[in-house]
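Heads up, the thing below is written out as structure tokens.
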Amino acid sequence: AAAQEVITIRAWTVGPDTPAFYRAENLITAAERLNHILEVVGADIRVEVDADFWTDEWDSFRRRVILASEEGDPDVVPDILVSSHLDIPVWSSSGWLAPLDDYVQTYWESTYQDFFPHLWESVSFEGKIWGVPQDIEVRMVFYRKDHLRALGWTEDEINDLARKVEEKEFLLADLQALAKEMQAAGLVDYPIVHRPTSGPDFFQFVVAYGGDYYDPETNKLVIDKAALEATLQFFADNVKDGLTPSGMTTWPWPAVHRAIAEEGTAGMQITGGMWFWAEWQRDFGIPEEDLWENLTWSLIPAGSEKGRPNQLGHPLAYMVTSPSHHKDLAFLLITLASEVDLNTRHSLEAAKLAIRRSQTAFPRFLESEYLAEAAKLVPHQIFTAAHPAAGRYATVLHEAIGGVETGALTPTQAVDLVIQRMTQAAGDDLIIR
Amino acid sequence: MAQLKQEIAHLPRFSPERLRIEARKEQRKARLLTLFIYTFLIVASLPIILGYGWLVLNSFSETLAYGVLPKGWTIKNFRFLWELPSRYYPDLWRTTWNTLLLAVGMTIIMILVATPTAYVISRMKFPGRNMMLAMTLILHSFPGVTLLISLYYVLRSLGLLNSIVGVFLVKAGLMLPLGIWIMKGFFDNISWDVEMSGLVDGATRMQTLYKIILPQVKPGIAAMAIFSFINGWSEYIYVITFIQKKESWTLSSYVNSIIGDFQFIDYGLLSATALFYILPVLLFFIFTQKYLMTVTVGGTKG
Amino acid sequence: MAAVVLKNITKAFGSVVAVDNISLEIPDGQVTALLGPSGCGKTTTLLMLAGIYQPTRGEIFFDEVMVNGIPPKLRNVGLVFQSYALYPHMTVFENIAFPLKLKKVPKDEIRQRVQDIAKVVQIDDLLQRKPAQISGGQQQRVALCRALVKNPDLLLLDEPLSNLDARLRIETRAEIKRIQQELGITTILVTHDQVEAVTMADQVAVMRNGVIQQYSSPEDLLLKPANMFVASFMGDPPMNLMEAELSSENGKSVFRCGSELKIPVPDAIAAALQSRRDREFILGVRPENLELLDEPHELAVPGTVFMVELLGRDKLVDFRFGEVALRALVPADVAVSQGEKKWIRPQAHRIHLFGKADRQAVPLAG
Amino acid sequence: MAAVVLKNITKAFGSVVAVDNISLEIPDGQVTALLGPSGCGKTTTLLMLAGIYQPTRGEIFFDEVMVNGIPPKLRNVGLVFQSYALYPHMTVFENIAFPLKLKKVPKDEIRQRVQDIAKVVQIDDLLQRKPAQISGGQQQRVALCRALVKNPDLLLLDEPLSNLDARLRIETRAEIKRIQQELGITTILVTHDQVEAVTMADQVAVMRNGVIQQYSSPEDLLLKPANMFVASFMGDPPMNLMEAELSSENGKSVFRCGSELKIPVPDAIAAALQSRRDREFILGVRPENLELLDEPHELAVPGTVFMVELLGRDKLVDFRFGEVALRALVPADVAVSQGEKKWIRPQAHRIHLFGKADRQAVPLAG
Amino acid sequence: MKRRGYGMIVLLLLPALLIILAFYVVPAVLTGTMSLTNMDHRLSWNFVGLDNYKAMLQDTILSRVFWNTLLYVFGTLLCFNVTFGLLLALATSYIAERQAERTSMFFRALWLLPRFTPPIVYGVIWLWILDPTRNGLLNGILNFFGGRPVSWISEYPMPVIILTNGVIGASFGMILFYSAITSISKEYTWAAEVDGAGWLQRIRYVTLPLIRWPLMFVTAYQTLSLLTSYEYILIITGGGPFYRTTVWSLYAYNEAFGGYYASYRFGYATALTLVLVLISMVASIIYWRVFRFREMMSEPKIEVI
């Protein structure tokens, strides 16, 4: 072969859940495919991907990106980033990202028209597209079927649960009642567990209680006092009734997973994520049959008549950095990595939803009963707010929940705390109602 | 005198009977005390013994039943020694080398900086001497880690981002107060006569420092070296903050990455890596601990 | 008070034998000195008596009670260290009061007793100071008070005077002696200073390399040294010692010392040696037992003054006979100067002889 | 070699005046002793001469060159510390070679010179040992070698003998003296031991509280003490000192000392005192200048023996007159025992008188 | 002469001065400046005057954090870093004195182990011990005896962080105290024995007073170390539940970097940091005075340079 120029494209991707490694791997495969094409057409350049897959914590990943971007050294800043769509408002307004509208347009016909349209909203900010959706998931409630059976539920009743939730026949209050039954029957240590760390999941309960947390019209965050208080009351009651451990926010993640998936010492995981399915198999070594045998799921039930059952999606996206010298190539790689087969293998491995319409017809995707089942929840999807202070909002809400669960705050006080902290963080970008 | 004699006359006198009884009592007390002390040490050390025992068992077993009892012996947890956990990990040996570089670099800087400073504070007459020592204590009140962002700017302007050198300089800076106190303790203990002798023999003050004083504070330098080596070896936050390139990673980032967002629970691999990580410092310590046990913070005795 | 007996005591530290099979009987109420050069095992012996070291072999008795294995706190001994070992963080008062405090003596009584004993050694006005603020001599007295205040059965003094200057040494010597006599405490004094041993003790044990060389009254040490080591160790300036071969010259017995010195043998000695087979000895005579005569004398040796050294109120006059040196001590007012010729006469009954091989004293009549 | 002059030297550490305005002329090639009790400023003076301390005021001259401010390395002095201050990490050889190494003397020459000097003090077989592996006496000699090897112009010895035992002290004293004489080095010897000062030095400066009390030959210190401090400091056992009031009894002059002692005044002294107005003095007489007579004598005082103490070859005889004590030193073979009655006669020309107020010697004819 | 002398002092101090300048003075000034901005993730310097300090006054969490800090610092200090460190030193020196030098060394090495362990691994060990389910050591044992699992971290958050930090902190005191104890002249020990003191009395009246410098130094030094430390708390409790274990430095860290979605309130965080620096500086000055550390400086005896 003639003298070839090798262009290295650097990509920083993040799990931190280890099964999500195809976020990086797909880029590498994309490069192989690209190189094959280049070879066939006799081009004298080759592409090499130097990919990074972060399994340390989210905050250290973000810190790394921020500090590298601020330093702006093109030798350090990667060409491609994979991160939460929530980072887009922040990073794009800092000028660290390149707008992608033109590129998306270029490959629209071949690729991007196939993406679920609502996903583009999550990667847009101030009228521009800053990212290519990489995956999306469902955040829902997991139930232990064995406990339901032990309470006398028939298989049909169990299978009907998801529908009942969807149609508001089963509300959060019913969930609490069910929890008390499990408790009374001595089936569990704690019938209700939830994620210990901060995350966007908790906004789902605000929606379940008929509230809102974001106003897309004005691009402002919303504090809905009534719904927020109802949400906090829900968590407070759970602890008061002994349904949730008061120190839930200090549990280590593995303990939560074990309790719900492995040992069944918990009855319900109300902030479940569909990708847990993959982690439970891969990291905890639980066979998929066992999971099917013992677990079922539903949307987050509505909390009140006004509220709605929902599930939350938190898309991750490929982004191209503004200092990159090879934005075209980078985007081309992203496009290739978003091919149906590649993204599907990611979906399968990491237990994520499809991002493309054609994926749902893709044979290997169809093979997965789990993905198919979970995908049924998609119509009820809500997203995290596309606002720079949205991350802060999630953190503050998590704090407030910790406050009421430990009894340090009453729900009313906790609402005040949220208002105070968010006023500080968001200033005018806040609607309180 | 006579009065004194009278006074002591009525005190209990030397009596074989009393002696024998009391001796037995004392012996029992001594034995009880020894027993008590061993019990105390063992009970107090239980969390450490169990915790690290768990680590070791973990690293050699397939799984732990109930999270406690090891099942199925294996060395596969140590597979990271010859294969990468995934292709996204930097080479283990390179990482180890980086860690060594960081620890050794920091140790050397500490020795080069703390030793002369402590010498000046301990043994040279100049105005502001007390101030210097007070200042080292005050310096220690700077919460290094929360100055992270400022340090980032400093390193950036010095062009030391993304280099191990930058990290060990910062680390040495933060450990400086301790180093100065330790070394001062050792310098304080050197006889003035010996240093005076050096001067009279025709050495300059600088020559006495190199040829006479330094050879005598070797244990101090060793002790300080151990402290800084260990400190540098386990550094995490600065590495992860100031070094964005994975090629410059150190073992702590490696281990953190394996543990992940607390979601990863391959305790076997984790324990094996942790052991691999701890082992060198442990060996280092065992061979040098006699110096560590000579550390004083100086001042005149009593 | 207690009589102390050591029976075949040996103390080894690893392979170093510090004290080697010594036996001693220390009478009740008297002062006994352990005298010997540095490293001979004195302190080790003392610490065994105090109960700090356990003997490797042998037994120690206090008044017929075997005390091996009995901890120091029960032995009721008072111990004064060479370095005094005053607790630097306590005042003089607290230092002295410490043993009483540990015995739970009532506060008032403690105050009384400390003041009484402090008055005896005249440190009652220093009670509030810290050890660092008083002089060496005063520290020494504090240490003594601390040892005495609990009315010990046995008082152990480890080189108690070595840190003091000449003047203070003399005063303190008298002080200790007086207190000891008044209280009648059995006292063991460790020292490497022969003057101290001789002036303070009722009997002296001379040690060397962990072995007792001689145990006798101070006078006997000087006048009847049991062996050459004792002879050379005792006396200041040291005894003149030289190899001497008994031979006869012009019908008279002489000691040939080296090539140039021939010392006439007094008749009594010649008689005493008659029965012995060996002819080679070590001859010893103390400088103060050499008389300098201006005229010849039958038992005198002629010599030229090599050097004169003034030692306070005495003069040390040095003669050289080839490789052999003879030093004589004479009062400072005796006129003698370098180069002068003198006749040197050893006092007959002050001549010492030691076997050349075994270095043990040769018994001479008288 | 150098003659050394100190001109109005004062050294203060903060508020502590360690050396107070002293002036001394130290002759070339001789031994001069600085003698005084602990803390009197001897070491401070020495360290100023070595250049380690800077005088607060005053000037130091070496051979008429002002050396204030000249660093130690340029002064070419040899200094032996009381603690020896050997470099613990170097062998004996390296210790001795150190000054030469700093002077960049060629290696071969260093080896030669070290070996030569080591041979002189007989430590040539210890050269490969570390200081911790040799005895105190040997260390002392190493320190001496180190000071001498560079041929210093001035040799400073800070209490060089105080760590040695009696026997070694005597030997080393002679050794140093011999070396000093051989090399003719100007030597300053700091000591608190009067015997050391008197035997080794050509002249002695007695210090107290940073002030020089007397600077004279050793004999004069003993025979003509300039003031009461010198009188009491010199001599062993110490001089008898007591308050004395000159009065007359039965037409004869007597010194009334306390209520019970009256010492007849020899005529010469009475004459010398005639011209003085003050009648109250401190009277001093050394124990060895008191004669004990069995019969009454015109100039003698009767007394009963209170205590007798054997000091080696002398006896110290203690008399008490009320609160006043008189001690006499007599040869050990003088028969005298407790309770005996004796007549005590001070040697007339050995009586010392000091002003009661200023404590300075009162000049007596002769 | 004089000038040349000071030249040497400057030369010897130069490295330290440079390091102090670069890594203390400049960052401190930067931090001070930053605290006057509303700097966030964009890392832009918008000056807002004293807003951050005003916000601090309104921060209702801060008083809780302040008391947490006091409790944590002095709790850890008094229970572990000083007291427990001292107990370990006494116990190991007692053993060493009785010819069990190796056993003594074993225990000392054991207690230094946590210090050698990367924080994250150490954290994981404790998370295992304290796991709220039966998989943890403590709950496993409880379970064995038929007890219900206890959520240790949420039920006893403060004791947990004091314990976990203390186990590491104790070794620092242990080393310093141990070497101080073993360097006490044997004669004091013997004198005390002869005077009739038992082991405890010897400790009380002789050993403790003689190691007062190390005791005071460790107290002062570790107070400052604890004031600025948060790493282990972050790993083990994350500051929770609901701020019950959030100490000042952790609070500042969290405001800057912490959380699933970090807050990146650098302006506010640096203002918090600066207040912490002030608090620590006041503490160090108080210690300097009260413990009279000045007396640890003996006057140098050599006047030439």
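We just call them A, B, C, D and E in the order they show up, numbering each chain from 1.
To be clear about the criterion, a contact is a pair of C-beta atoms (placed from the backbone, for glycine too) under 8 Å apart; a residue touches a chain by one contact, two chains touch by 3 or more.
Because the structure is a prediction, the values reported are computed rather than measured.
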| item | value |
| --- | --- |
| Shared interface partners, meaning chains that touch chain A and chain B | E |
| Minimal step count in the chain contact network, chain B to chain E | 1 |
| Mutual neighbours - chains that touch chain B and chain D alike | C, E |
| Farthest chain relative to chain D (centres taken as mean CA coordinates) | A |
| Two chains joined by the most C-beta pairs in contact, as defined above | B-E |
| Euclidean distance of C-alpha centroids - chain C vs chain E, Å | 57 |
| Separation of mean Cα positions, chain C and chain A [Å, integer] | 93 |
| Centroid distance [mean C-alpha coordinates] between chain E and chain A, Å | 38 |
| Residues of chain C engaged with two or more neighbouring chains | 71, 73, 88-89 |
| Touching two or more other chains - residues of chain A | 58, 63, 252 |
| Where chain E touches two or more other chains, by residue | 131, 134-136, 198, 210, 257, 299, 301-304 |
| All pairs of touching chains, each written as two labels joined by a dash | A-B, A-E, B-C, B-D, B-E, C-D, C-E, D-E |
| Contact set on chain A toward chain B in their complex | 15-18, 21, 24, 51-58, 60, 63-64, 67-68, 71, 73, 76, 252-254, 257, 279, 283-285 |
| Interfacial residue positions of chain C with respect to chain D in the complex | 37-38, 135-136, 165-167, 170, 174, 192-195, 198-199, 218-219, 222, 232-233, 235-238, 288, 309-313 |
| Complex contacts: residues of chain D adjacent to chain B | 47, 50-52, 71-73, 75, 77-79, 81-89, 98-99, 102-103, 146-147, 150 |
| Contact set on chain B toward chain E in their complex | 29-30, 33-34, 37-38, 40-41, 44-45, 47-52, 54-55, 66-68, 109, 112-114, 116-117, 119-126, 129-130, 132-134, 137-151, 153-154, 158, 169-170, 172-174, 176-178, 180-181, 188, 192, 195-196, 199, 205-206, 230, 233-234, 236-237, 251-252, 255-256, 259, 267, 270, 274, 277-278, 281-282, 285-286, 289, 292-302 |
| Chain E residues touching chain C - in the complex, by the definition given at the top | 185, 187-188, 190-198, 201, 205-206, 209-210, 212 |
